[in-house]
Amino acid sequence: MALAKHAGIEQRIWHYAFLIICTLIFLFLIFPILVIIPLAFNAEPYFTFTEKMLTLNPDGYSLRWFHDLLGDADWRRSIGNSFFIAICSATIATGLGTIAALGLHRKEMPAKGLIMALLISPMIVPLIISAAALFSFYARVQLTNTFFGVILSHVVLGIPFVIITVTASLSGFDQSLIRASQSMGANQTRTFFKIIMPLLLPGVISGALFAFITSLDEVVLVNFLASAEQRTMPVKMFSGLRENISPTILALAVILVAISVALLLVLEGIRRRNEKLRGMSPS
Amino acid sequence: MHNVFKSTLVSAVVAATFAVGSAQAEDQTLTIVSWGGAYTISQQKAYDEPFLADHAGVKIINEDKSGEGLAGIRAQAAAGSISWDIVDMLPSDAQVACDEGLLEEIDPETWLAAAADGTPASEDFIEGTLGECFVPSILYSTLFAFNKEAFPDGGPQTIADIWDTKKFPGKRALQKSAGKNLEWALIADGVAVDKVYELLATEAGQDQAFASLDKIKDSVIWWDAGAQPPQMLADGEVTIASAYNGRIFAAQVEENQPFEIMWTNQMFEADGWAVPAGLSEEKLKLVKEYIKFSTDTQRLADQAKYISYGPARNSSSPLVGKHEATGVDMKPHMPTSPENLKTAVKFNDVFWTEYGDTLKERFNAWLTQ
Amino acid sequence: MTTASNTQSTLVTKEGKSLKEAITQANKAARNRALLLVMPLLIFLILTFVMPIIYMLIQAASNEEIPNYLPNTVEAIASWDESQSANGLPDEAVYAAMHKDLVAGRENRTIGKAAGVINRSVPGTRGQLIKSAKKAKKMEPPFKEALIADNPKWAELPFWRFIQRESGAFTINYFLKAVDRAYDKEGNIVQAKESNRVYLKIFLRTIIMSILITGMCVLLAYPVAYLLSISSVKKANLLMILVLLPFWTSLLVRTSAWMVLLGQQGVINETLIAIGLIDDSSRLSLIYNATGTFIAMVHILLPFMILPLYSVMKTINPSYLRAATSMGSHPFRAWWKVYFPLTLPGMAAGVILVFILAIGYYITPALLGGAEGIFISNLIADNMKGTTANFKIAMALASILLIGVLLLYWVFNKLVGVDRLKFG
C-alpha cells in the first residue's frame, strides 16, 4: 500500500487522512482490551490509574487481585464449572456437527438450504429468547438446575459454529480425490482416514474451538437454567459487574484475554498450515 | 500458578462427580437464597457457622437471588422441581406467594423457639411482622446517604433537599422500584408522612408522585442490587444514594468511606425467611431445624454484630452489643433506635400487595419515558 | 417412484432392472445415506431447541389459571348475557359457582394464582378474591347477596366481563399487553393508558438504536476492510489480528472494559480532565445511558461488519479502479461508480448480520444502559425475574421479537445465504 511517486498533493492528503482514520479505528478496536490489563495489576482497589501506576512505580502494581481471584473457593469452583461445561458441550457439538456437515456436503442431500438454515438458527435467535424458551421447556422436563441441561443448551449454541467451519473446509474439497483414492484400491474407511480426515481436521478443530469459547463466555442461558451449583465464571462475573466491580473481575478479564489470544494463535496456525496444504494440492 | 491450575482442574472433576452424585447427598444440603454481599455474610456468621458446628454433614449453599425470589419460587413450582429450600424475602412478596400456595405455612408455636423467659414466639416478634408463611429476622431501613466529600458545607437534611439538585448538585442513585420512591416523591412535594399512603391510593396522588419524580429523573442513576449504591457513592458516580442502612454502615466502618446517613424519613420494613412448599419430608425437617435455630433470640442479636439491622424479636434487642470487627456500639445504628425512628415511615406492605401491580407497571413505563 | 417406463426402456442392468430405475434407486440410497448423517443432529436440535421454541409460542397464548382454578365459574358464566338482566350482573348460579371455587381455592391455596392473574388486568381485585375466599366457608346462600355484602366489588361488571372473556384455553391478553393494548371497561381493545405504555416504545427504540449502531459499524468497517484488502498478505494478516482479537475476546470482558473507560471517574473522563478539556464539575455522562450502550455495542459488533466486507473486497480486482481513473474519471467518481457497487454484497451481509445481532442484545445494555439505554431484550429479562415478573408477557414479547428476527434471517438467507457465513 505504497503511494505512487507521481501522486498529487490532493491524493497525498487523502492517502494520509485515510491512514490516520484507519489507525484510529484500529485503536478503538484494541484499546479497550489493552487498557484493562494494567488495571488488573493495580495495587489499590480502584478502577482508574493511580499516580504510582502512571509514574511506573513498582509499588503501584501488585498481583493481589489474581490472588484474590484464585484464592477464592467460589471463584475456583465457577471456573471449574465453566471449563467442565465448555469441554463437554464443545465435544458433543463437534461430534454431532461434523457428522451432519459430512451429510450436508453431499450433493444428494435433500432440502439442504432449509436444514442448513435450521442448524444455524441458534446463532441468530437472540439469547434472551432462547433463554425464555429453554427455561420454560427444560423446567417442564426437569432439566433446569442440572449440569446436563446447561451442557445441552451450550451444545445447541455451539452447533452453528461447527457446521459453518466444517462445511467451509469441505467446500474447498475436491471430490475427485475420493474417487482417485477408491480407484487405487483404498476402502471407504481407509479413504476417510487418509484423505477426508486430514482435510477436514482444520475445520473441525476451529469449530470445536469456537464452540468451546462460546460456551466459556455464555452468561444468559446459564443465568436462567442453572442454580448456584452450576454457576459458571461468566455468570459470577456478570453479577459482579452489576453489583460491585472490583479489580478481581479485571484479573479474570486478563486471564480470559490471554485464553482468547492463545486460541487465536492456534487458529491462525491452523489456517496457515491449511493454506500451505491446499497450495500444495495439484488442483 | 501450577497449583492453581491443578485445583481448578480438580474442581472441574468434582463438579462432574457432583452432577452424578448430588442425588444422594441432596437431603443434607440446604440451598439458602438471600440478598448477597454483607447481608449474606452476616447470616453466615450469625446463623450458618454455629448451625453447621452442630450439624456435621450438612452443607449450605448460598444463592444471591432474593431480588428475584418471588419469580424464582413461582417458576420452580410451575416446573415442579423445587431447588430452593429457604428463601429470604420481603413480607409483601411472601404474602403473595403464600396466597398462591407456593409457601409452607409457618405456625409460630411449632416452628419457632420461645424467648428465654418463656414468652411464646408469637408474642416475642415485633407486632405485625409475622406472616402466614413468613418469619421476620430483621428490620432494615432504606434511606438516603451521601458522600461527605461532595458537600463540604454540609449535606442534605430532608427529602426536599434530596430533590433539590441546585443546592445539592450531583447524580442520585435510586432503587429501580416503585416502592419507597413514590412515597418519598410525595414527601418531597410537601405531603405529610401520615397522609402518604392515603394519597397514593388515589389516581391524583399517583400523578402527583410521578410528577415529583419527574423533577429529578434526569439526575438519577437506577440501582437494582443492594451492593451498588455504596459502590456508586465511593466511585463518585453519584453524590447521594438511597440505600439499605446496613450497606452504608459497612462501608463507613469497614472501608472508612466518608459517607453520612440521613435518617430523616427513613423507610423501614421487616425481612425474613419463607419456605417453598413441596420439599421432601426429610428436607423439611432440616429446614425447620434451621429456621428455629436461626430465628432464636441469641442468633438474631448476634447478627447485629455484623450488620446494622435491628433484630425482629423484642427479646433480642437488649442483647445487641458491639460491632464484631471494629467495636463500634451498634445500638445507635439500628433503624429501630428511638432517635432514628422519629421521622421514620413504616413501609406499608399491605398497600403494596394491593396496588403494587398497577404502580409497578406504571413505574416501569415511566422509567422508559 | 417406480416408473412405467420399463416397456420403452432398452437399457437394462445386469440384475435386469431398467437403468432409470437403478439410477433412481442408487440416488435414493445416496440420499438416505446423506440424511442418515444429518439425522442425529437434526433430532437433537429439534428436541433441545426447536421444541422449546414452539412450546414457548404456545405458552405465550395459553391461559391456565382461570379455567383451572375457577372451573365452576367458567362453566356457569358461559351463558351470561349482560343485556338480559336489569343491572347486567350475572345471576345467582354464577355467584354460587364462584363461591364453590372460592371455597376450593382457599382449601387448595390456589385462589392467589387466579387472583394474581385477574388483578393484573382488573386492578384491586386481588384483595377482593383472597379476602372473600377466607370467609367463603361461612357464607350462606344466596351467594350473590352474600358476596356483594362482603365486598361491593363483586357487583362490578368489568370483573365479570374479564372472567367471561378469559375463560378459554387460549388468550391474546399477553400479546395485547406486549404491544401496549388493553381492554377498556366495555371490553373493546384500545391503546393502553398513556402512562402505562412501554413496550412499543422500547421496540421502536431497539430498532432505532440497532439502525444507528449498524450505520456506525458500516462507517467504521468500510475504511478498515478496504485497508486490509489492499495491503500485502503479510500485513493484512497482522492487521487482521487487531480485528480478530476483540472478536474472540469475551463479551463480558469487552463490556467491563467499557465500564472502566466510560464511568464518571473512568479513564476517559480522567484523561479529559488531566489535559484540561473539561473541568471536574462537568464530567461527561457516558455510562448508564444510551450513549454507553451505543459505544460499546459498536465496538462489539464491528468485527461482524469488517469480516464480510473484507472477504468481498479481497476478491475485487484493483485494476478496475485504475482502469476507470486512467480513462479520465475523477478518482472519487470512479470509486463510487465502479468500486462501491462491487462491495454491496459484503455490505448487505454485514448490515443484516449486525442488525440481527444488535436487535436481540441483552448483556451490554443491561450493564451500560441504565434506564434509557435498554433494549427490548432487557424488558423480556425483567419479566422473567425481578419483582414485577410476568413470565407470560416475557414469552409474548419474546415471540414477537422472534418473528421479527426470523423474518430478517429469511431475508439474509435469500440475499446472502447462510452457507456463506464464515469466521476469520
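General observations
Chains here go by letter, A, B and C, matching the order in which they are written, and residues are numbered from 1 within each.
What we mean here is this: contacts are C-beta pairs under 8 Å (C-beta built on N, C-alpha and C of every residue); 3 or more make two chains touch, one makes a residue touch a chain.
Computed from a predicted structure; not experimentally measured.
Taken as a contact graph, with one node per protein chain and an edge wherever two chains touch, the assembly is complete, since every chain touches every other chain. When the C-beta contacts at A-C and at B-C are tallied, the pair with the greater total is A-C.
Ranked by how far their CA centres sit from the centre of chain A, the chains are topped by B.
Distance between chain centres (mean CA atoms), chain A to chain B: 39 Å. Chain C has its Cα centroid 23 Å from the Cα centroid of chain A. Between chain B and chain C, the centres computed from C-alpha atoms are 33 Å apart.
Shared interface positions of chain B, i.e. residues touching 2 or more other chains, are given as 75, 224, 235.
Contacts with at least two other chains are made by residues 263, 265, 384, 391 of chain C.
In chain A, the residues touching two or more other chains are 47, 135, 140, 242, 245.
On chain A, the positions that touch chain C within their shared complex are 1, 11, 18-19, 21-22, 25-26, 28-30, 32-33, 35-36, 39, 47-49, 96-97, 99-100, 102-104, 106, 108-110, 113, 115-122, 124-138, 140, 152-153, 155-156, 159, 161, 164-165, 167-168, 171, 206, 210, 213, 216-217, 219-220, 224, 234, 237-238, 241-242, 245, 249-250, 253, 256-257, 260-261, 263-264, 267-268, 271. Residues 67-68, 70-72, 74-75, 93, 96-101, 169, 171, 176-177, 210, 220-222, 224, 235-237, 353-355, 357-358, 360-362, 364-369 of chain B are the ones touching chain C in the complex.
Residues 27, 30-31, 33-42, 44-45, 48-53, 55-56, 59, 220, 223-224, 227, 230-232, 235, 237, 239, 241-246, 248-261, 263, 265-267, 270, 299, 302-303, 331, 356, 359-363, 366-367, 377, 380-381, 384, 391, 394-395, 398, 401-402, 405-406, 409, 413, 417-419, 421-424 of chain C are the ones that touch chain A when the two sit in their complex. Interface residues of chain C facing chain B in the complex, by the touch rule stated above, are 108-113, 115-116, 119-120, 123-124, 126-127, 130, 195-198, 201-202, 205, 263-265, 281, 288, 370-372, 374, 382, 384-389, 391. Here chain B touches chain A in the complex through residues 4, 7-16, 18-19, 22, 31, 36-37, 61-64, 75-76, 78-81, 83, 224-225, 227-228, 231, 235, going by the rule given at the top.
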